[in-house]
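A short write-up of the structure that comes next.
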């Protein structure tokens, strides 16, 4: 017996920078490279969410796609699209989480699972900053 | 010790619709959205199959690619390419399985495994309807 | 002095077939190959429209993107997405235009130009059936 | 006789916003939509430059690729990558050019042609903000 | 009145190197960089051909796709796929044309036009070595 | 609790052929098809490496990207880019490992893990020869 899953992809544009206020500028630059530059830069982020479960015999679905899309709208698009992650998403504010791909993937994983509730099982969230770099958080 | 696998991708164009004849048109529309429209629509499906196993010391292969390609030709391309899945693939006919990505992935997984026999282990089939949506069936 | 243009891409899923009712089945099959099969097949079409003109000094735009998007919604998406082109778009009905990429590109070019009016100049429409085949209509 | 050209692509990540300081916030919002939000957002820009000319009989090249790449480094990457276009590229500062794709394409076209000098002819620069939107400036 | 065209893409894998036997190794290295290394390297080339002409009223085509595909098979795939361009395509042999993208595009343009004859007009051939570099030969 | 990972992609161009010197030409051709042709062919290989581990609370990273990139430079790019794998990478020389995707993935997995040392855990290496074929080696 195998396992079925459904994977949905959305994209958003956002600005960010990596900086720890408790560190010197030198340490920030050494750790984060050009990602520490003060005026922000940005990406077209690609966010891919996978949900798993048994295939419903009637619908052929492991999850209702409309419900997934509504969760992606409220938890991902409304929060991040055309936003500055450091300035506008409180959990990633100064001195809190660095908006790395890894932290974004874990944060979005938890927000989506909370929104979707017990009947849908989120098994993976992937955040790609560009074609060459992505981070994944998975069960 | 790790695990090796080989992944092959093919693409096919097909028409489909989602509809349960025992449901009212309203329930079909509420459940399946525009996918329930009566005259069919279509996709360039991308089908990705992964087979796993030890790497042969002589050939460097986990499976013979020609054999995989022949199985993809007979089990996937001959069945689905330039076809109407609802009307021409009996298992997805009226009142039977909805041709969702999940059902297609499981169906193709089982057909490929049966065709390839015991010496090749199919571990995953992924069916993408478009760049934003895919379903996976895996061991 | 150069020329500026803006290019916008949308995608839609539709079913179609190629068949001339005044021809024999043999001639249809010889001319159109598997595209002539009776039960339709489908594609994720990619439609790319280019509009050209001077760059507005204030906005930096050659055209208002919102206006382009509304024209793409009414002229392309509403007409073709999740539709059967032969059965649901009258100009491509039985005995009329074959829904080839070339005819779709010209048809959409003319519909978009008519909708956008004199102040926006459509210069190119490209319709791709898949990653290997596209048709372009351009001024 | 035909014409030969060479096309090179680079990508950069940058933050930007669209806003005219002499306009009200309402007018900015109505004209630029979410692109007018105050805290910037960002993109992975793709910049594609085309240069044309006769094919050198000895090298088989219309231009020296190393020279093109050095011009892209100094004129595009050094100026824009990991930068805030509004705050860090003077020509796109407050009250000057809006950093639209059209203005970026024209600006980069002119900078590249100036850098490359008379022996290389730049014929087109394309700036894509994402997979669905690009602007082109061409001779 | 506009112009219609059809664009078809194929891909082939080939090995090549850039070297002029009448030059010193130093000059070859300075001119061609790592492309001059003696043992060859390789690419998945993408070859895109565009043909133009009036749209046939009956078929909706500017050209017969089967005929284009046969020409691509004999003139492009049979010549280049899984081949060493320097050693196996005589026109690119030692001391003759360097197998640059520009030379390949012009060569393939001429071969395709000769094969297709007067009733099909080839207007552009594009050869991409990878996602960042392509050469185009066009009328 | 979930697992975090970081995935980085690089690309290299190389020539190769598949051939076992202890086999007849007929057996090589039957087993390896056109990949056994004597003069080599080539690919733009895409190499994707995944490393896993806990997310550092300060940096938000599972691994230092600069360190990953340096390992990819020394273990992958320096060894394979613009090279002939059979002639220039000793482990894939005549009579040794066939440079199949599976063998390349396992070889690169082991080289990267050895280079990165105990504090970074490589969990997967994927080698794609083209858009339709890849091999993966994973823990």
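We call the chains A, B, C, D, E and F, going by the order they appear; numbering starts again at 1 in every chain.
The definition used in the following text is that a residue touches a chain if its C-beta (ideal position, glycine included) is under 8 Å from a C-beta of that chain, and two chains touch if they have at least 3 such contacts.
A quick note: this is a predicted structure, and the numbers were derived from the prediction, not measured.
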item: Intersection of contact partners for chain A and chain B; value: F
item: Reaching chain E from chain A through chains that touch each other, fewest steps; value: 2
item: Far-end chain from chain E, centres as C-alpha averages; value: A
item: Shared interface numbering between chain E and chain D [over half = same, under half = different]; value: different
item: Chain whose mean Cα position lies farthest from chain B; value: D
item: Centroid distance [mean C-alpha coordinates] between chain C and chain A, Å; value: 34
item: Centre distance in Å when chain B and chain F are each reduced to the mean of their C-alpha atoms; value: 28
item: Centre distance in Å when chain B and chain D are each reduced to the mean of their C-alpha atoms; value: 42
item: Shared interface positions of chain B, touching two or more other chains; value: 131
item: Chain-level touch network, classified as line, ring, star, complete or other; value: other
item: Pairwise chain contacts, counting only pairs that touch as defined; value: A-B, A-D, A-F, B-C, B-F, C-D, C-E, D-E, E-F
item: Parts of chain B lying in touch with chain F, wherever the complex brings them together; value: 2-10, 50, 55, 58-62, 65-66
item: Contact set on chain C toward chain B in their complex; value: 11, 13-16, 34-35, 37, 39-44, 81-84, 87-88, 129-131
item: Chain B - residues contacting chain A, complex; value: 18, 20, 31-33, 97-103, 105-106, 109, 131-139
